[in-house]
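In what follows, structures are represented as structure tokens.
Each of the next two complexes has subunit A plus one other chain: subunit B in the first, subunit C in the second.
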Partner chain A sequence: MSEIQDRVRGTLPVDRSRLDWRPYVYLLPAFVMIAIFLAYPLVDTFLLSFQEVVTLGGETRWVGLDNYVAVVTDPLFWVAAKNTLIFSVGMIVVPLVLGLGLAMAINRGIEGRSFLRSLIFVPVVVPIVVAGIVFSWLLSPNGLVNWLLTTVGIIEEPARFLNSVNLSLPSVMLMVVWKRTGYYMVILLAGLQGLPDDVYEAAKIMGKSRWAMFRHITLPLLKPAILITLVLGIIDTVRAFAHVYVMTGGGPSNSSEILSTHFYQVAFGYFNFGKGAAYGFILFGMSLVFSVIAIKLSGGTEI
Partner chain B sequence: MSVTDVLTSDQDGFPGEQLVRYVAVSLAALFVIVPLYWMVATSLKDPSQIGVFPPTLVPSPATVEPYFAAWETGPWGQWFLNTILISGGATVVTLAIATPAAYALARFDFPGSNPIYLLFLGLLMVPAQILLIPLYNLLSSLGLVDTRLGLILVYSTFFLAFSIFLLHSFMTNLPESLEEAARIGGIPEWKIFVQVILPLVKSGLTATGMLIFVFTWNEFLFALTFLKSEQLYTISVGLQSFQGIHGATVYNQLFAMSTLATLPVIVLFALFSEQFIEGIAGLEMQ
Partner chain C sequence: MRSINRRRVLKGITTAGAIGLAGCQSGNSGENANGASSGTVQITLRERDDPMAAYEPGFNEAHEDIEVTASIQPPEEKYRSLISEINAGKAPEVVGLDVIYLPRFVQLGALSDLGSLSENLGHDDYFDPLTPDFTTWNDTVHALPFWIDCSVYLYNKAHFEEAGLDPESPPATFQEFIDASKAIRDNTDYTPLSLNLAGSNSLGLELFFFMPHVWAGGGKLFNEDMTECLIDEQPAVDAVNFFKTMVEEDLCTDPTSNDTWTLQSFMNQETSMAYSAGFISHIQEESPDVWDNMATAMFPKPEGGTQSSFLGGNSVVIPKGVTENEEKFSAAKEFVRWSQSEDGMRTTVEDIGYLPPRQSGLETEFVEENGHLYDAFTRAMEQGHAPPMHPKTIEMQDPLNNALARALLGEQEVEAALSEAKSKIDTILQS
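Let's turn to the complex of A and B:
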């Protein structure tokens, strides 16, 4: 992250005597692409978020902040926001903790290290639609999970995981944990490999406990890697769509509706483009705010 | 390493630490494998073994019949072809645009380089779905809604910032004197980029290309929104529509096609797993 910090502070040296046109030429295609397919739509969404589409032909009128008010006074928005917060435990917290544990377990003294690392990473490349379909089947009333739970005796009757108001969201989160743990593990493993061995040697000589070493050496040194996983996790939580859409469609009775699926419902289910645009900017703002909070909380005050 | 070695080699931590490690990693491996095994096993069952309780753990008899039966239910060949064209196209376009941009940021000091770097960083944070509506309008005015090209261009834009960062990290580590020497040797600018730099970042290009290919292969929301005709579906949209239409009745067929949809990305990953993981981990090295 050090380069990012240098860039923010503008301390990365720039030699202005060598001003030339070449880098701008190399950047031009990227700028054209971003201008057309990202910047223009972004500005367009922003303007649209203050308008209302009044005719089928797409005529609009300005309505000020009405769309934003409509979003935040929609009770479903708050249900979806609460669910997204719970969902983020499955997207970020659980896979981060599991990924850290696995990275530390794999990092030293294990046979077949590189094979295991690849194996645990496999779910990351499995198409999200496939993962959703497979977990729906695993969790179905006569599926493998119910068979295991009833056989072991944890429950007496097969549970209807995806049709239950209490279990639908945790069911999706189980799939998400499956999909993301390897992702975080790989990032954290790379971070662990960058840690200097001699610090641990010194700590060992000083008779520090394993926990003290983890708490005072590993965690602080891993901070940049953890920060990256947090920011990626936040962005992906706001983006997550197919995860819920395929398994539960947000139901039953909105119990697994998250912001992203609710946004899609508003924009493309009811074709309320103005409110959808405002909703989009609220999501963008959340993404930014929570990323900045994550950076601050993890002690990156120098950013 | 024998089992007793594993159980007793605790010189490097608390007693039995080695055992705890192996148990934790084995459980994780099991958690990863079971859903994939279940997908493949279900795809090999005949209808009599579907939906029975307790479930049949090993397909008997195992049959590939569901694969052929499912293939008849829709234009699967066309959907696979579409996905290959779209993912391949997006990979090529993204690399073609991101590589020179990454080169500019990694190898030149120029006024504006810091704001540009931060702009790309900010673009990574835009939740792409908020652009669905204006992009839909833009694509329809360009006549690109419901076309493979439209989706290729959209994907290429969304993976641009990510690819620039990744390639950038591969390029900053090249020796500084590289271009100097080439320039003194009188090699024209474009040749320095194409013939000197590109061959040196081949592994970076492979890693980035593989990641884009897999991400676009798996993408669902934009494909769902922008591809209207059944003939243009990607494999993910096809699977989802198959699940919607046929429901839980033909799970063996659904999983036969799911297995086929997953196979290409798993094979790619198996072939290039080192580059893949280096690519993902490389993000963190920025």
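Let's turn to the complex of A and C:
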């Protein structure tokens, strides 16, 4: 028994002649797969971001940082960056606030909470393309939303939600809020259910208000769960593609173009492989930097 | 719990793998999956739409020693996978390449030289704009015209009669078109025109439907050297103003809609006219009533101009790596030769529903029988323009599409929108 404990503590000297290779052999297929399907493409794409493809399957030319310069000097990159920032409100802020509110309501034990929890989670399992198509129908000039608004008399003529320079991005965000609120709610609900009751009881005895309990107990204790949703939200915002691609294609006139749809167009629409690779790494860097900033700002590293 | 015998599991996996690999086996030896006998050279044709699969039986019936298999992929997927395949040296032997993409693929060194094949064929009745635009880049022939698409408008003759218009004299000028549309709007329940010009999901339509109106007024997208964009000049301004009137007078469907399928409302008899491609044969089956009352006409022109059309479609190419396998390269060249023959063109026109590259392809009994539809197509082939052959044409569609959207949605003045498009396209041209 004590030998096992010593092994666990790592105090016994390792006998090289008896080294058990089996764990490494078992892990080998996973390492090989990671090397082939993750590491190699990543390194290859990184190298490609400093090259220009002269001929397919043949000649390439080193161009240094030219591809990165081409990306950041492209005016459309900054239009897409601004739109992505606005889009993040729909991807992160609104569903986070709504999700937290719903999670707290369900956690308080309201009637039919199991049903409500399932209902709110349903949009999460709807494929994004399907959700995009359904919302496109709902928001079309002949769609349900326009019918309701004109019937009630809020508007006289059907609105062009998806091909209006001003409304296209908010329309996509509407779908995104519908889809992500349940996702955040489940994460935050799990966090809420793990909070200790005695802290709240102590606060009640001290006569603290509900707002004070929320502000000084719930939010600080829920920080790891909120942090998870924030980081996932940032990564998903930078990666978001089908949301916009299906509903507006980035238009009209690039009014709903976000970084990922523009990246797709540069790499696979215009066949600018080097610039596309540089764009990909800029997006990768952005999600990394913003995630680290979110973690630092929240003052915690435990996710 | 029953224990698992590892040896048995491994044996099972090995057997399954062997069966799987056997299923993947291909080649020229023995009997193949399609029953072709040994000695048959197998090649693949990559195309973008299901109807193009008709080239497979068309070619195979005429050839005993070569078997072509049609591989159909939608455009976006098609070009993405094609690039990977060319990169890996595993490209299909024959590819139908959209002419818009042709210069970029040539620039990437992806296509074989078909100069000697073209010379040997010796056809001299290609429609004018197709050669050299659909074939030649830097004095080298990299492609031959395959199936041609052109832009025209369709109209419902019964609707015209209902509106008090002469169905045998479709409107030919901007003003006539607006007047006819107003007559339909005022005298019938139909929306006059089904149109999509600048939807964000319909990149390409700005060239296909809009540019013929610019060409009709003598305008151009670029100067001769392709160093400067000319889209801010008067013919383009006139063309946008024509469409703006159509929008403002409520004479057409939303031309900036994301719904790119303009024909549906025409086939449902909700609209009386529709801007369309040349692929219309499916209407006969899907909407026989409309087909019986339907006619085609060339796009309207400004006063004093010449009606025009956009000649698009696919060129037929052989990817560069194919030349390394002499047998396959010869078979691929035979397919290209066949595609230019009367037999190949008959497949294009009658079985698929597009237009042939050569004039003799339209001198058939089938075309004569359907003269009321093919007259406009024939004129379009004679008077139409090929797209500007520049490797960055794909990139330039976006600024033009956006400019049209802004102008037609009333977000920007026509001149300012076109000026902005010119500036952006100039930047792309000079980059």
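Rule of thumb we're sticking to: the second predicted complex is superposed on the first by the 271 of 303 C-alpha atoms of A that agree within 3 Å, B and C clash if a C-alpha of one lies under 4 Å from a C-alpha of the other, contacts with A are read in each partner's own complex, and residues count from 1 in each chain.
Following the convention adopted for this analysis, a contact is a pair of C-beta atoms (placed from the backbone, for glycine too) under 8 Å apart; a residue touches a chain by one contact, two chains touch by 3 or more.
The structure displayed is predicted, hence computed values, not measured ones.
Asker: Who does A:Arg160 touch here: subunit B (first), subunit C (second), both, or neither?
Answerer: second
Asker: Just checking: does A:Phe268 make contact with subunit B only, subunit C only, both, or neither of them? Give me first, second, both or neither.
Answerer: Touch status of A:Phe268: both partners.
Asker: So, A:Leu288: does it touch subunit B (first), subunit C (second), both, or neither?
Answerer: First partner only, subunit B.
Asker: If you count the residues of subunit A that each partner touches, which comes out higher, subunit B or subunit C?
Answerer: Counted on subunit A, the partner with more touching residues turns out to be B.
Asker: Between subunit B (first) and subunit C (second), which does A:Thr248 come into contact with in this model arrangement: first, second, both, or neither?
Answerer: Once the two structures are laid over each other on A, A:Thr248 reaches subunit C alone.
Asker: Quick one: classify A:Leu42 as touching subunit B (first), subunit C (second), both or neither.
Answerer: first
Asker: Determine, under the contact definition given at the top, whether A:Thr181 touches first (subunit B), second (subunit C), both, or neither.
Answerer: In the superposed model, A:Thr181 contacts subunit B only, not subunit C.
Asker: Residue overlap on subunit A between the subunit B contact set and the subunit C contact set?
Answerer: Common interface on subunit A, subunit B vs subunit C: 140, 268.
Asker: Which positions of subunit C touch subunit A when the two form their complex?
Answerer: Residue positions touching the partner: 76, 79-80, 83, 86-89, 104, 108-110, 198-201, 203, 254, 256-259, 320-321, 392, 394-395, 398, 401-403, 405-406, 409, 411, 431.
Asker: Which bits of subunit B are touching subunit A when the two form their complex?
Answerer: Answer in residue numbers: 1, 9, 12-14, 18, 20-22, 24-25, 28-29, 31-36, 38-39, 42, 51-55, 96-98, 100-101, 103-105, 108-111, 113-114, 116-118, 121, 123-135, 137-138, 153-154, 156-158, 160, 164, 189, 193, 214, 217-218, 220-221, 225, 235-236, 239-240, 243, 248, 251, 254-255, 258, 261-262, 265-266, 268-270, 273-274, 276-277, 280-286.
Asker: Provide the residue numbers of subunit A that touch subunit B in the complex, in ascending order.
Answerer: 1, 3-4, 7-8, 10, 12-16, 18-20, 22-27, 29-30, 33-34, 36-38, 40-42, 44-45, 48, 98, 101-102, 105-106, 108-111, 114, 116-131, 133-135, 137-138, 140, 142-144, 146-147, 151, 158, 178, 181-183, 186-187, 189-191, 210, 224-225, 228, 235, 238-239, 241-242, 245-246, 260, 263-264, 267-268, 273, 276-277, 279-281, 283-284, 287-288, 291
Asker: Applying the document's contact rule, which stretches of subunit A touch subunit C when the two form their complex?
Answerer: 53-59, 70, 136, 140-141, 160, 162-165, 247-254, 256, 265, 268-271
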